[in-house]
């Protein structure tokens, strides 16, 4: 039997970071079961994936050059089955997919796509954009989504990485349907480890083994939090703030330490008037997927959006109470000021030298 | 040549920092013209004032010990004109004034002491003073501040301070009680819309210098708008007990308030609510009639001190949250950039420090030093060795005395 | 010559009365208008005059001899009240009040806060003239093998009293394999002892600010964070660690003595918060007037002056937690008690004794008491040869 390569190609915001973290924590356990989750210089498969799909990514695409081939080299050297996992692979064009397939002539290729219902994906992707310096309001984002759908050649990143039938068709081209696996993310409220159960089942992992749990959570933000971030992005963009500053202070400090810690955040949902069109899109997708005969792990009904009850009033995340946003900004300001003067700085080189000179 | 001492004792918010900035920047040229502005640092006279009045000031007073006497001795040695200027001097008590004036008079008592006081109408001073309070970490609401000022018993500390530096007839009673009237100079701040150089021209006239020769290098601090004031007040509530004073001064007062929040365009200005306007306006008028009787040298026009027409009032308590939010996000962006700039500086410093550490190691690398250091380190945990070491030190001490 | 008495004459006459030890309040004072009264310059204000009157009242109960306090009165009259407060307070006088300046206040109605402020200014002048107290001599001994070794931690004042007793019994405090005893008492008692220790070292924070800072930092100050201390000691060089928890100082002393097989210490009252309050006020000004290096020195002098007088009497109410900090104090006590219960080291006494007293009191230092101490301190300091 030939060795297998599992290509986990997305989609973003479908629990991929959670899965990747857990895989990384359990590398040794996986190896015992005959699966290599390949190592890279940065730990994740972001660079190889970026290299393969060949898109621009804030300059990182230059550093990523050659990383796909490096990963393939590792995979070929491996004596076990190998797993490649990155959600941006969902955006691959047919040409990139052909190159990926050509990279593994001696392997049995399996494509794995994890997918969550579109009702949750839309606000999640929008938030993710805002966390990456995005400035669009939710309304603008929705409008753009609507305008750019449908399309055989999606222009908008969201559809490139979330249009399930297209992704499955592109990645499954030339593969027997049973080698294409769609893993559905259970609806909210389902047991926490159900996704792992489904995903690891595809990889043929032993469910009775104890796996180390990942601690990372990618907390979602509420309307006021996203509003603050969005407006801060605009302000910082006008001031020409470099990317490193943004990552260190906004994403790693303000978002993680302040905004994600807020209690009782109201999750953002698609506004009622746009819900029917989302439902229609999903219905079309499910039909297409069912017809394709691929291996569905979980339940296609998991992909149907679950909307809040009719009597729940929709909150517009673009209309956050300015008093709450002001309060968030002040809280963040206090936190940043505290970081500047924190004792953490007293362990820095300056403090060490001062201590030494004092004797 | 007569020795002349010009003591500028206030009031705050009447262009004093702007005057002090000119005097400090040009102190060398002024010296050549026989005018002494004795200041090693820009806040020298502030420290002298803290010392004279024994005023704690967020830890700065620790640098002020002896500052007044040092200033006074420089003043006594100068044969020509001397200018001393700080706006908090206005609140000195009669005992402190007596001490100050005694210390400035020369040995022959031939010193002509002049008191200079610059004043602005009360209706503009009150909101400005509340904002000044906010910049010093206070959290009092504007309404409570106004109530405190209107309390006839002056039981709140903010009221005691405010009237101490702002009540023109009383400040001049305390400072100028023993000074001939023609040596008391009351400078009035021109009303809004006057020529921007007019105030400086008035000061320069008293100092006896050409106003066109010396010009300011920096602009006066613009005042905060209402939403910005609200932001600073809320920030204070969160930062007091957390952020040390020196960080507050550097990041909040200097960087945020002075350099950024003060200049945000379009924000509503702070004024007085209607009843407070009437009260302040009446009081201001009564001061003007009192001052008219005093016979001081008025530089400008006493009418400048009569409050102008009321302007629309924006209540800080119910200001539009949208505006506070805008200001808060601006402030956050500024602070984020500053935080990352500081991190860069630290990374740069790191290289310098690694080098210094290496030098220290080489210096400490001599054999005897290292041996001694090891001994001392061991003695910290071993009491018998510590005893031995102190015996050794005693022995060595005796030997060195006997030789 | 008779005539209408002016304000200045009346005030000058009262000042003379007070200078010679008089204690008549301004309200009942009647100047003899028949004399051609001289006017004192500069004219003292209500604050100065009333402080002298209070000093005279205190001295009357004290010595009965007033003659030598005349110099102290002059010292007060010559001292400008430091810091912020009421400025040149006039005395009430029948004709219409002045339209400007500080309103007139009946001296007996002056806020204690203001009188304390002036008294602290006076003390700042007098204390440097008092001979320095000799440093307390604790018997120090070698940690010879047959001597019992201990190291005390936690509530500073309670620990100091126990330490004194142990040293007197021949025990040795040493870092060399000691038995560690961490003294824990109700959080407000430990805070008061911590505050007292800090102001004796030159601290300037108020009682409620001390609490607010601790709350903002999210933990008790390190010297009284008993669980953190015990946790850091545990496992260090296998030295035994005991935590003693007691509501009363005497009980803490008994428990500590039990651990170390010693006789329990005799402990007097738990200290007077007003002393700490007076010290922090003095410290605030002495950094400016005498330079930061002398702050501790002057604080120590003031403490010794007050101790001699034995003003730290036991009948003073203990300081309670400021109401705003009470919920936090209760939470901290509960968390610490829980940690003590599940700790691996020996705990003696009931961990619930950490919890603060719940009360309906203002939770501040009584300013009248601070004033009383400040006045006593002025008199004592003057007798001890103040005014250098």
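A, B and C are the chain letters, set down in written order, and residue numbers restart from 1 in every chain.
The rule we apply is simple: a residue touches a chain if its C-beta (ideal position, glycine included) is under 8 Å from a C-beta of that chain, and two chains touch if they have at least 3 such contacts.
Treat the numbers as computed from the prediction; the structure is a model and nothing was measured.
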Those chains which touch subunit B and also touch subunit A: none
Farthest-lying chain, centroid of Cα atoms versus that of subunit A: C
Length of the line joining the C-alpha centres of subunit A and subunit B, rounded to whole Å: 53
Gap in Å, rounded to a whole number, between the CA centres of subunit C and subunit B: 31
Centroid distance [mean C-alpha coordinates] between subunit C and subunit A, Å: 61
Multi-partner residues of subunit B (at least 2 other chains): 242
Per-residue multi-chain contacts in subunit A, two or more chains: none
Touching two or more other chains - residue numbers and ranges from subunit C: none
Subunit C residues touching subunit B - in the complex, by the definition given at the top: 42-43, 45, 78-88, 99-103, 105, 111, 121, 124, 142-143, 174-176, 204, 209, 212-213, 215-216, 284-285, 287-292
Touching residues on subunit B, where the partner in the complex is subunit A: 231, 234-235, 238-239, 242-244, 247, 251-252, 320-322, 324-325, 328-333, 335-340, 342-343, 346, 349-350, 353-354, 356-357, 360
Subunit B - residues contacting subunit C, complex: 50-51, 53-56, 61-62, 64-65, 91, 93-96, 98-99, 152-155, 157, 160-161, 163-164, 167, 169-170, 173-174, 241-242, 286-287, 290, 381-383, 387
Residues of subunit A touching subunit B in the complex: 228, 231-232, 235-236, 239, 241, 244-245, 248-250, 254, 321-323, 325-327, 329-334, 336-341, 345, 348-350, 352-353, 356
